[in-house]
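The same subunit A turns up in both complexes below, where it pairs with subunit B and then with subunit C.
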Partner chain A sequence: MADKPIKGEKRFFVTGNEVVAWAALAADVDIMYGYPITPQNEIMHYWTRLAPKYGRKFLQTEDEISAGFTTCGGVFSGARAFTATAGPGNTLMQEPMSMAEMMRIPAVFVITQRGGPSTATVIYSQQEVTLTCFGGNGEGMRIVYSPGSHQDLYDYTIKAFNTAWKYRFPTFVLGDGYQAKMRESVIMYDPEERGVQMEPTEKIVGKEGMPGVDREPAHLRNTYNTEEELNVVVNELVDAFWKAAPEIVEHQEFNCEDADIVIVAHGVVTRAAQAAVKELRDQGKKVGHFRPITLRPYPIEAMKKAIAQAKEIILVESAEGQLDKLVKAELYGSKVPITPYFRPGMGITSEEIVEFINKKG
Partner chain B sequence: MQRIVEAYIGEYNSGKSEVAINRALDLLNEDRKVTLVDLDIVEPFYTLRPLKKELEKRGLTILAWETQDTMGLGEAGNIIKPEMKWALRREGDVILDIGYGVEGAKTLNLVEEKEKNPELRIYAVLNIGRPITSEEEDIIEYVKSLGPVNGLINNSHLGNETDVEFIQEGARIIGSAAEKLGLPIIATTIDYRLAEKVGPQDCLGNPIRLLYRYMDRSFW
Partner chain C sequence: MALAPNMPKAWRAETKPHKFCPGCGHGLVLKAVGECIDELGIQDRIVFGCDIGCSLLSWDFFNTDAIQTHHGRTTPVLTGVKRARPDRICIAYMGDGGGYAIGSQHLVNAASRNEKVTVILVNNCNYGMTGGQMAPTTLPGMKTETSPYGRDVEATGNPTQGPEMVSAITPEGAYVARGTTANLRQLKKMIKKALETQLNGTGFSFVEALSACPTNWRTNAKDTWNFVEKEMTQYFKVGELKVPGEKEGK
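Up next, the complex of A and B:
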């Protein structure tokens, strides 16, 4: 047995992509499947450099459709498995992701959002929110974490495997190209030493014993004969998802208690929002920030409380209203007006948010 | 005046560009004529992109692509700019910022007339804060994989969480690796804000080079 990749705790200076590779190692992941695409490539580069040293595996497939399906296949065999992709690769991978919803396959997908639509830029955006939460021809029975720092990337990559295997829904770490390439320090740790037990994996097909005699047969289906049959299955999926949702939702709040204006932002943009709140508070303005960490399921109860006092929500994102759509669907009926600050495919700084809010008066 | 020609190579995110930019500016401040060459063909001008004009204004000659002169960035492959290939014919000092890793180091093969420029020195930039080069054995193995190297730069840091002890620890670990590799440590770099706490030399007597942060304004 190879040494543990991380012993104890240690601070390193790394890019976000490396963080994901190391976190997957620390999470005792058995195998990564992948097909190259910027800006996720270094996840694969580092995984393939490190994996042999720690007895882990990698399979490069012919495209993203295959990378997604092989990840599902790896999970069937009981492996803790993941893949990573971005942009057009995320689009192609929707079919296996849908299958993972239908068959309750605990596969983990790391997405590093790039510009869209289509090939667009290899750099950055938050334009894969809708695709990642609701892509595929289903009901969006997916769990989506939106990290905002390298520490988040480390923590939530590890957590994604546990969430996936505990609740048996495909689980996503929705990063972006900035986080992928950004350099900052992070504390890496062995989860076990922090008291985080990795959720055990198990074979989903090919289990021990005679099916129907020693055990229930594992009959995994993504195809049904009639509307009625399907409807029963989808209802079960939906029920299971919403039953688990309250245990899964996560968020962060910054000075929301007495805030007249609440900035809602996720992912890397939370950093700008947090800094903007500090600056605006120093200027004597009652501004707070609500950050959904899970975009799916959405932490709506917490958000309702956070905006209870607010006179206005400012919705800030590097997309033309994808988080906005989520929020509006969840907040239907709320009287708090939502002012958009959309910059599709562009980074957003705290100075820009401060200026926007100050100009509004 | 002895001409200075230096190529900076090393692990991804080891600080090559930061070290190269600072070195070029240090030389410029000594009233030398300096050309800085961005020879990263994996991610060209991502790093220098927002800085290019500012550095040119200060008097550096910069050989790097402008984004609008290229197409299919990151998707269609990159070509080396012809003037980079002949960078060593430039008058004055030449600082080459080379792409990362073993494959990146091979980019140097594309530069013409190295044999006519025996003053060329290839320095590997190392940071013990990088997981892959955090220990002595890993550093030795890594540097050996890079091809010809004339010296090491201790660029150990943890971004904003850097303290002097970490830098000195880097000097000790990289120093010990350097000894086994039979290579000199050319310098230990430190953020200028820590300058007073260290003085002109690190704990092993290697010269200190102060770094001003430029790369934090870059995007990638």
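Up next, the complex of A and C:
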């Protein structure tokens, strides 16, 4: 059996789905559970080709509900486990994701957003932001990374496993169909050689010793009998989440210091926004860009600083205001007006952003 | 607190008396499960999963690790455990609604894949926890909260024949049986064989247990037992349907 999947550093020119499979291998993932849906399929395709060579496992389940719950089962047993889905599959998977929130199950979910609502397109969108951050009958105690490049996909897929196991919240890599399917250059590396220690996993059930004799049995539940009992549990979840949040939040900003206009965008759209800032700066306009990398928890303190001097925010996303809703909730009380540029289910180019900003004068 | 001498060792004394209604069959099935765990000496290897519905009340029943899951989702959770840790002995414990309605796709596919887990399904002809609605196993003409004039098979179909279905889709090496709380000695043998099947790694193992729900049936002791022994067995034949190493149709 081959030892480490990646030694040293290597440059590749591959699709995002291939990047995710390699990143999961490099992160020492033990098992993937999955159900076919476009545009995430090739994560499974690469994983099933690579995994046996490195002693890793795969199970194809009967649907996304099962893929999510088997992933939870794998994690309970102490495995570093993940699944991947998109669109209607993400909808179905909300049930196990909700259980993962309640029971603090450090499962990792890779989402490759496709068009919505319903079956829609298999291509691309940013319409699964609300679902991924706040789906299920809970409080959104989830950690959501929004990668913008193949390098991000590699880095944050590895990081997702560490964040999940460190803080014990379900963790999401919220990509999209463009990132999943396009090829671009990426540097893959062995995390250890970069000084990234993989957060150790733990057997949540199946620890050593006789339960009831050598140790207490693990009796895990998500059902509670009284309002008071549940309230205590939810408060603990919420407290733990917000205590960890300052260590988790991540963002990037570009030329915000003196910007009159700050473009807010996430995921693959950050690239159009970054290019638009360059172009508009060349034209002499004071434009900057703020990119939340974590959508949940949201990097609100950094964003408040980035827009402190701004006269306007242009909110750009491939959805009808899902990031917008997040931002508005976080920015309540701010006087900076927000102008939307929404294109649900469609890609956005830098030229379009430049034109939009120039037209509005 | 000392347990009465006839209680299984694997039972957790601190959570007894159990939380099921008087006359409920769950305690009997769980007693059989406990005795099998004792006799096989596998208490430290068990991961016990329970569903939503009355079966969830077993979440702290044993001195074993246990996961109370979602309605219908016990089979995939335990499948996930078993796939990642094949040395664990995984028991998915559920009711008829969880196994045959909301979780039927999981039962069918786990059986088809011949997952090396043990599913124990308690059939009491109704949804007990939610107040006695019609279940896939409700008998023709039987009155429930959602079939108040009696189950009309023209409109709602016939009772689900679980073990027959599982037997039809599992390969040789699986174990499939239907027992009854009216014959505990036999039920226990079946559960033991199911667990042995998992220990031997030959295939999926499935035991349906006919059980009583006097609370929702609104029956006295005599009528309760009459229903389990006479009425239910007209539709649900007790016996082994598939045994590793034996010819089918035995």
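Note that the second predicted complex is superposed on the first by the 351 of 361 C-alpha atoms of A that agree within 3 Å, B and C clash if a C-alpha of one lies under 4 Å from a C-alpha of the other, contacts with A are read in each partner's own complex, and residues count from 1 in each chain.
Simple rule for what comes next: contacts are C-beta pairs under 8 Å (C-beta built on N, C-alpha and C of every residue); 3 or more make two chains touch, one makes a residue touch a chain.
In this text the structure is predicted, and so the values were computed from the model without any measurement.
Of the two partner chains, subunit C is the only one touched by A:30; subunit B is not. Touch criterion met: A:210 reaches subunit C, while subunit B stays clear of it.
Touch criterion met: A:221 reaches subunit C, while subunit B stays clear of it.
When the two structures are aligned on the shared chain, A:38 is found in touch with subunit B, with no touch to subunit C.
By the document's definition of touching, neither partner reaches A:195: not subunit B, not subunit C. Of the two partner chains, neither subunit B nor subunit C is touched by A:333. More subunit A residues lie in contact with C than with the other chain of the pair subunit B and subunit C. When both complexes are overlaid on chain A, the residue A:73 reaches subunit C alone and has no touch with subunit B. The part of subunit A that touches subunit B in the complex is made up of residues 10-15, 18, 22, 38-39, 42, 45, 49, 119, 121-124, 177-178, 181-185, 188, 347.
Taken in their complex, subunit B has these residues touching subunit A: 12-13, 46, 73-75, 127, 129-132, 134, 157-161, 219-220. Contact residues of subunit A toward subunit C in the complex are 30-31, 33, 57, 59, 61-63, 65-66, 69-79, 81, 95-96, 99, 205-207, 209-213, 217-223. By the touch criterion given at the top, residues 12, 43-45, 47, 52, 56, 59-60, 62-70, 73, 76-85, 88, 105-106, 108-109 of subunit C touch subunit A in their complex.
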